[in-house]
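As written, the chains take the letters A, B and C, and residue 1 is the first residue of each chain.
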Amino acid sequence: MITLTSDFGSPYPAAMKGVILGRSDAQLVDIAHDLPRQDVRAAAFWLRETLPYFPPATHLVVVDPGVGTDRNAIVVRAGEHTLVGPDNGVLRPAARRLAGDAPIETYVIDEQRLDPVEPATEAIDDGESAPTVPGGGQGPASNTFHGRDVFAPAAATVHETPIEELAGLTVLRAAEHEVDLELPTATVEGERARGEVLVVDDFGNVITNVPGSYLADRETIVANGERVPVGETFATVPIGDRVATVGSHGYVELDVNQGRGDDAFGLMAGDSVVLEPAESGDS
Amino acid sequence: MITLTSDFGSPYPAAMKGVILGRSDAQLVDIAHDLPRQDVRAAAFWLRETLPYFPPATHLVVVDPGVGTDRNAIVVRAGEHTLVGPDNGVLRPAARRLAGDAPIETYVIDEQRLDPVEPATEAIDDGESAPTVPGGGQGPASNTFHGRDVFAPAAATVHETPIEELAGLTVLRAAEHEVDLELPTATVEGERARGEVLVVDDFGNVITNVPGSYLADRETIVANGERVPVGETFATVPIGDRVATVGSHGYVELDVNQGRGDDAFGLMAGDSVVLEPAESGDS
Amino acid sequence: MITLTSDFGSPYPAAMKGVILGRSDAQLVDIAHDLPRQDVRAAAFWLRETLPYFPPATHLVVVDPGVGTDRNAIVVRAGEHTLVGPDNGVLRPAARRLAGDAPIETYVIDEQRLDPVEPATEAIDDGESAPTVPGGGQGPASNTFHGRDVFAPAAATVHETPIEELAGLTVLRAAEHEVDLELPTATVEGERARGEVLVVDDFGNVITNVPGSYLADRETIVANGERVPVGETFATVPIGDRVATVGSHGYVELDVNQGRGDDAFGLMAGDSVVLEPAESGDS
């Protein structure tokens, strides 16, 4: 199984799938291709919260603002899973979750040793004069579409290799250094939690990094100065009302029942969030 | 085969897929994940019009404005198909179509008996402090993501069980009551049809509940007071012109050739539609 | 393997998948369903640039502004690939790429000979009065959804037939004529290239039809009168700056690093593009 995650929109992911399916019989599963453009942190969050629900698989990830620079392309083994993507930290939070107590192994992809991606022959006399070699003949891989030309073939190779034998692949070499990324954590001092918005989801739910346990035994909190009822579900408040709840990732979310929390609270990813207890008895 | 339908947008459906693929080797097919948010009626329409084209399958449906309330999670057997989703009526119109003359059997999912969804172990020392148990330790399932924690595991279990043996599953018990939903039907009195807009599709086509037979032998109709030519296809009128046609669901649609019918007619889901014959001879 | 491409949005593609999966065990791969509506040229471009990365497959394409007119439904054999779609030219540029030096064979689908698409029986007494036969009983196929009623069953039939035996299928007959489409090509005279914008992608990258080789050994060009640095990658210019680069299709693209080239250059599909050398020494 190979999962695919990118910020490519449409139809670029299809070319990656074609390359993979020409080299592998892997089952393909899309995680998302509409992640916020070139937002490594948002992608790292969604991967960390989604991939642990999968059985062992190869996870292809291309959220890659540094495409074409000298950043490495890497393969990460995390427990029984492997991740393939750019060395910009996007894979790390998910890798830690997937590895558990097992060590994380990181390899650099030697792009020159990958079997080059070669699309079907092009007719000679059709007046359509695009160069046969992607990237305008400047090299074996396009400078702008490593998803198709580097990561997809690498993912297929990794998928076809028993996970214990990754280190023996000639297209991989041990990484000496890699970019780390840690998603920010909240601090709880006394009854006050200081954190930030990790992401806003498609529903407009504001997902903070404050652990859901902060809401235990509270009926009302004050979020950035505004009183908000605490509910176990959206439906504990009337439609259109605000509610603080423990979201499906285990964090405090600031939501609106059947509405958009980001609009109601005026919050977006990266914004600071301070949660405080409400005065008792006036909730 | 398991089909998936939700209003989740992206990337939440991927977590459901991960859970299913960890428990089943089902082929997964997306129906849609961008249905109008928490709109049970629209989802019921699209399921009724789409699922009957599938071979026998398990259909996972999560359009669930009551998530976290005491509404039941149910499994419905309809002929050779099974549907898994919330007990809010969303499954019923499709179930009637799929069952044909066969009885419809409904079971309540006993959430406590499902094997709990457990994501991969989390590293201890990575400073990322989310609780291991989704839902903040408040129970085996998140209060806000039953798609991942209840419906996905239930769909996998149902898929792995021969359909004749559903009643024997320990996670199911016979339902004593269930929520029904009937999509509204139009009335045709004399030459006048009174109905309503069931949905507007992605093209902007206004899909009414007036049977397509109303258009038989008519060249022009009056829709909500406005004259509209009747065409067998969009292309019978110039680009940008309005046309009444029999849509692919068998109902009268109010469309614009290569344009949006909803804008041209000023209609949205739930609006009333009155169709009348045009004066003969002046079409 | 059957790939699917359309401008249907959601959820119409699911009905096509249901029909196919009832008649075939093909692996399904989506190319895109959000292509620009009824834009044959844009679809032809994306198919030409994407399908050649796939192993031999059946490619179902429904971008069909003439649905319901007397345009033919066709099957095209191109090398080891087959394409199924409307006879409006959309398949041709991809077919030329896929065929290489092999001849292209075209067949007309005899719609009357296809096994009709029949959704599951509908209950009689449920008050939901849609006609059982799609298209309002006006014929075996809906006039507006040939994707479901004509192209999907044809693709399934083609997929289940060895490619050498296509000519023997009773649902196909040799085409006497077919609609051609050639994407426009640029002209390079001296140091000046005159071309046009083929498409704008989801990132806002402006993809022209000027071969990427035009940029070789240039540091700066003048595009429609404006000086633009040439870069091997987006990242050679600061975030938000314009850059001319060789895109992944081998053509000159006018882009913005982490921004939208179409907005920055004021260009959309079909617009003219003139590229000229910059005065040397002042780049």
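In the analysis below, a residue touches a chain if its C-beta (ideal position, glycine included) is under 8 Å from a C-beta of that chain, and two chains touch if they have at least 3 such contacts.
Computed from a prediction, not measured in an experiment: that's the story for all the values here.
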item: Self-contact between copies subunit A and subunit C, residue sets same or different by half; value: different
item: Rigid-body rotation angle, subunit C and subunit B, from Cα fit (steps of 5°); value: 120
item: Intercentroid distance (Cα basis), subunit C paired with subunit A, Å; value: 29
item: Multi-partner residues of subunit A (at least 2 other chains); value: none
item: Subunit B residues within the subunit C interface of the complex; value: 1, 3, 5, 27, 29-32, 34-35, 46, 48-55, 79, 81, 93, 96-101, 182-183, 185-186, 201-203, 211-213, 215-216, 232-236, 245-251, 253, 258
item: Contacting residues of subunit C [partner subunit B, same complex]; value: 8-12, 14-15, 17-19, 21-22, 28, 37-38, 65-69, 117, 119-124, 126-131, 133-138, 142-145, 148-149
